[in-house]
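Both complexes below contain chain A, partnered by chain B and then by chain C.
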Partner chain A sequence: MRPLDEKETAAVFEKLFKFTGPNLKVMVERPAVEGPAGDDPGRYCLRLHKNRVYYASESLVRRATNVARDRLVSLGTCLGKFTKGGSFRLTVQSLDLLAAHARRKVWLKPTAEMSFLYGNPVLKSGLARITEGVSPGDGVVVFSMSDLPLGFGVAARSTQDCRKAHADAIVVNRQADAGEYLRNEDDL
Partner chain B sequence: MDLGNLMASDPTHHFESVPSSRFELTRACLEKGTELVQAIANAVFALPSTDDPDGPIVRLPPPTTTLPREKHLPKPKPPTKWELFAKMKGINKHKKDKRVFDEQTGTWKRRHGYDRVNDDKDIPIIEAKLSDEPGEDPFSKRKAEKKQRVEKQEKNRLQNLKQAAKAGALPSHVQLAATALPITGTLGEAPKKASKEELQNVAGMAATATASGGKFDKKLPGEKLAKHAGKYRKFLPVVEGKGMSSQEKQQTAKILDQLMSKSCHGMLDVNKAVTMFNVKKEKQRKKEKEHKTSSAASKLKPKKKSLKKSSKKKH
Partner chain C sequence: MGKKNKVILPPNLPPEVADDEIEVSDEDLEFVGRNREYVGFLTKLDTKSIDRHVKRVANHEDDELEALYEKRNRKPSLLRLKEEEDKLQVDPVDALPVKTLDGKLEYRTADRSKSGDGTDGKESAMGIEDDEKIAGMMKLTKPEKRLKLKKSRKEAKKLAKVEEKGDGGEEKLHSEVLAKVEEDLSAEELFRKKKIRLAEIGLQLLENPEENIKALKELLQICDDEDQNIVKLGLMSLLAVFKDIIPGYRIRLPTEKEMEMTVSKTVRQQRFYESTLLRSYKAYLMKLVTLEKQPSIRQVAVRCLCSLLDAVPHFNFRESILASVVKNISSSDDTIRKLCCEATRSIFSNEGKHGGEATLEAVRLIADHVKFHDCQLHPDSIDVFLSLTFDEDIGKSDVLKEPVKPKKRGKWKNQDGSKEVQGSDRKKNKQELMKKTREEVSADLKAVSFAPDSKDRKLMQSETLTAVFETYFRILKHSMDPSASRSKVNAVSLSCGSGSYPLLASCLNGLGKFSHLIDLDFMGDLLECLKKLAGYSDHNDGSMQNHLSVSERLQCCIVAFMVMRNNLDALNVDLQDFYVQLYNLLLEYRPDRDCGEVLAKALKTMLWEGKQHDMQRAAAFIKRLATFSLSFGSAEAMAALVTVKHLLQKNSKCRNLLENDAGGGSLAGLVAKYRPDATDPNISGALASVLWELSLLVKHYNPSISSMAASISSMTSMNPAHSQVLFSTASPLQAFADLSTERELFKPASKAASLRRKRTREIEKDFVVMDPDQIRKYENMIDEGVLTRKFKDHFILNKGIMENERLRRELNHTMSSISLYEDYKRQKKHKKER
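Then we have the complex of A and B:
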């Protein structure tokens, strides 16, 4: 477990910024809520452990130093991992955090939820609502109609194009969905 | 006049009376010089020329004045040891044919090099002599002898080169890479000394070239550990103590600011702004129109209203 160096921090922040936009500042600077009562939890910080990036409060990190490096499985919230090539990928575990600070959102019709959770992209026919001003390439968080975060991905079309698009047209390319907790249980 | 060197001189000229002041003298010289340059220019323009976009081009005749050589003549090489010996013995050099008749194979072959006369490879059988030692391979013995002769000749060649270098007779581009003795054309130049840093590097490499990386070696008095040339990766502390400044916070803030400033233009949605601007303009135009109509034809307004009202009532 170690803090990220400058290059790594920049890579992580750039990925998060695609989803949260200026809310990233709130996400990084908010006071922590984890940790035991009576102890000042401090802020949240990023830690790298076995190529994975964790988002944890400072008090939690302090406690985690008591665990040997090879025994430590996880701490706080896993945001994603660095690939062998050195690029950063967000994983499903970051979904709750992204949903809380997301700038661009997409809501699915109840009929399209299952298809999305099986790992398929969001089609125009399954789209119930979409936030204004999405442009292709933006990070988008996918919600059910009851505002339950289901996953996230990258927008393939802008909001205006979505209105004209065909029913089979892909609106959001999936990056991660909650179904991965079952499908890729071992890898997470 | 020498047009090839663009040079002119007047050997017959002499001052009637040497001018007293220096100023006068230079003026007189300049005047004469101008005359001569003018003469050259006239001669050049009189030559046959070819036309070119940049102007006429003239081919100058070959120079008539011979100029002295810039550098001194190269020194003759000192004689090699063999040349001295041959002179003493009265041995004359004479040319030999390149091709020689080979009696073994009955063909003409080269005297030296590939596929040559009397090649060891072509000898299938060597007659045994009384002086031969048993158990010795005569073929490999011949090979070894040949190798020895070649090595001796190479040694002689280098020795002769060194002698020539000492006499300063070698051109500077002839270097003796084989002997690590740099030979340059000039006499006084000593071989380059290794710098302090180079020596330290070599010493450091030698000191760490043991199984322990030089850790348990005996150090000489005054010997220092070799400097580590590479870069160590340094990370911030996992948990910062109470007395420490928050380096990690600073680093995060810095990167965050960079990211925000880079994408601050993304905070302004251009499309939205344009539509808002258009809507505002349209509203203003409508207001102005209403104002105009109300001022210009105030009589029409009540009528319209009445019409609307009447229509509403009808429904």
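Then we have the complex of A and C:
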């Protein structure tokens, strides 16, 4: 377990910024929930462990140093992992964090929820609502109509284009969804 | 008429006598000699002092008048004569003591000016509308004028005579004065004559325009007069004439080919009439346009142009009228601007008169005007767009008809085909011929028919719309460009005081009104524009200081929502950025500086009507609105509370805010603590807070607010099924309007009620401290004077206490320093002793 170096931090923040926009600052600077309550709760920080990036409070990190490296499985919230090629991928575990700070959102019709959770992209026909001002390539968090985060992905077309788009057109390309907890249980 | 007679008739008497004198008037000596003759056979007091001379003058006048009277033997004039006599007699007597030329002159002019005033008043009384009246009076006034002139000449002579006797050296000067007087008089007479001429011509034209059409030229010539009053009168009478005689169709001058053809006499006459009319109309318009630049005649010219545009928008040269009207549409002169705006509005609303072409032209001209002036215009010039109407059903009736037609035709053909499989070709040919002729006929009919066909109208309408939106977008773009505006801010704010973007507010209004007509392609750019104007920036570093007022920014948000909602059928889009903006603008709102109505409208369109499902956001708004309503006036608070109630009803999960445990439990999300200063409602963590504001608001002095707050805080126990029944129907805007009117009526209305209530209150002595009724009662009972006195007493008392404290402090200070000094002394002594 070690702090990220500059290149890795840039890669992680770049990915996160796609989803959160200016809210990234809030996400990084928010006071920690765990740890000594009251005077100085501390902040959250990013740690790299076995090619995975974890988002954990300072107090938790301090306590985790007691565990041997090969024995430590996980700490805090896993945001994603670095691939062998060196690029960073967000994983489903970061969903809650992204959903809380997301800037672009897409709401799914109840009928399209299952299809998305099976790993399919979001189609225009399944789109119930979309944030104004989405441009292609933006990170988008997918919600159900009852505001439950289901997954996230990358927008395939802008809000404007969505209006005119065909019912079968892909609106969001899936990157991760909550169904992965079942489908890829072993890999997570 | 009675008044006029009074003024005019007096001069009736002396004319004949005066005629005699006119010949002699130049030679003063002769004049005196003749007087002597007259005097000689009348009275023998002739050779006395100058004093008597004056009397003689009077006498001689008397005689003259009597003679005249006898000659004429007219009774009504007698009375006037006598008045005249009195006047004349008085004149010299008054003049006597002054003796100097100046004094006498003054007296004379004063006298004359009196009569002049009378005529002036009369002139103004006779408007252009009573041209006929003028004509009727013409015969009267002409001789009157002459008489008056003569009379004044005589008077002048008389004066000269008197003067002569005083000192003969001033003869020269006197003659000059006389010349001047004559000049003035002749000008006045000329004015009169011209006026009469105007009336005559006008009457002629109205009686028979075909025959007297040439008279238009004369009217136009009169308008070239150097006297501005005449010019004004001429313009107005021409306007009246044109309004009356312009036909209901557009005149098309015959081509040369047509001219060559031999035509009947009536046709030729008609052609001549039309061409003359057209030519003089053109000349008139040109004159108006040139005169419009002169400040003194400007208003009249603009008025003429506007009423022409209003009355005959179908006629030739409409373009030039429109151009000059639009040019004046943002004039700094209020009356001119209003006239122009009214004219343009009437063009927009009475499209039947001109078939919509003028609307398109006007809108285009205004668009160009806005472009030319770089959006620095008066808002009125854009507000005229609001009276535009766009008929969406124009093509629909045709569209409905069209699908029917081909079916029929198909049927026909099928029938024909089945029947005439063996039919001859001749029949087919015949049918084709028939069809062709029918088409030709219908094309001709279309060309001739007055009403434009729906396709053209639709095209025209869409072009109008394009021009309107082009203007609107130009204004928006202009307002977004801070570099261009900054330089102009000073100049404009000094001149009109309505901020740097005078057009923005009316532009937003217009966009709101026509939002349902905006093309989907524009929508993205428009929303981007509005977002920027509303002050949203991706990076919350505050580098871009927004230069728009809070109301304007709120309006931007409203327009964005209206645009979205009106096009909702395409896609349900969540305007997150605008919600963020509204959330932040709530903090910047100041009740006196900003328009409360706009705020209420924003609450209504964005929160009350909008479909909001995002729980975090709803909670953040609920919390902020509750805080907001604590700190502002009752009307704003009411609007906010209505919204809060609505939000709570819609979002049942947000009712956790009403529970009495902070932290929000599992719903609070990632943010465990409420952050009131967050700029994004989604991360403010409002669900972790408690709506403690409501329990304070229950004690609000305004009974309606306190009851509203109470009803909101009792929503905790409500089950979802129940909530549907209690859905309130009043919108925030309504609530705001209700309470703001109530605030004005608060005092007078509740006075009577409080009297009634007083008795009941007296019985039940114990009451809650914050009982609103009670407070209101006290508010009304206490007299203003008593209040002032009490306040005064209170302040005097307070001041006394403060003064007392201050003195005490000083005293203490001095005492302590004295004691210190004494201490010091003692110590010194002590040391010395040592």
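Note that in this section the second predicted complex is superposed on the first by the 181 of 188 C-alpha atoms of A that agree within 3 Å, B and C clash if a C-alpha of one lies under 4 Å from a C-alpha of the other, contacts with A are read in each partner's own complex, and residues count from 1 in each chain.
Rule of thumb we're sticking to: a contact is a pair of C-beta atoms (placed from the backbone, for glycine too) under 8 Å apart; a residue touches a chain by one contact, two chains touch by 3 or more.
Since the model is a prediction, treat every value here as computed from it, not as a measurement.
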item: Combined model on chain A: chain C and chain B, fit or clash; value: clash
item: First, second, both or neither for A:T65, with chain B first and chain C second; value: first
item: Partner, of chain C and chain B, that touches more residues belonging to chain A; value: C
item: First, second, both or neither for A:L98, with chain B first and chain C second; value: neither
item: Partner chain in contact with A:R163 - chain B first, chain C second, else both or neither; value: second
item: Partner chain in contact with A:D147 - chain B first, chain C second, else both or neither; value: second
item: Chain B versus chain C as contact partner of A:E132, first or second or both or neither; value: both
item: First, second, both or neither for A:N23, with chain B first and chain C second; value: second
item: Partner chain in contact with A:V33 - chain B first, chain C second, else both or neither; value: second
item: Chain B collision site on chain C, chosen from 528-536, 546-554, 726-734 or 744-752, when both complexes are overlaid on chain A; value: 528-536
item: Set intersection of chain A contacts, chain C complex versus chain B complex; value: 21-22, 132-133
item: Contact footprint of chain A on chain C as seen in their complex; value: 520-521, 523-524, 527-528, 531, 538-540, 564, 570-578, 613-616, 669-673, 678, 680, 682-683
item: Residues of chain A touching chain B in the complex; value: 1-3, 5-6, 9-10, 13-14, 17, 21-22, 24-25, 28, 43, 45-47, 58, 61-62, 65, 132-133
item: Sites on chain A touched by chain C in the complex; value: 21-23, 26, 30-31, 33, 96-97, 100-105, 107, 127-133, 145-147, 158-160, 162-164
item: Contact footprint of chain A on chain B as seen in their complex; value: 235-239, 248-249, 251-252, 254-256, 258-260, 263, 266-267, 269, 271-272
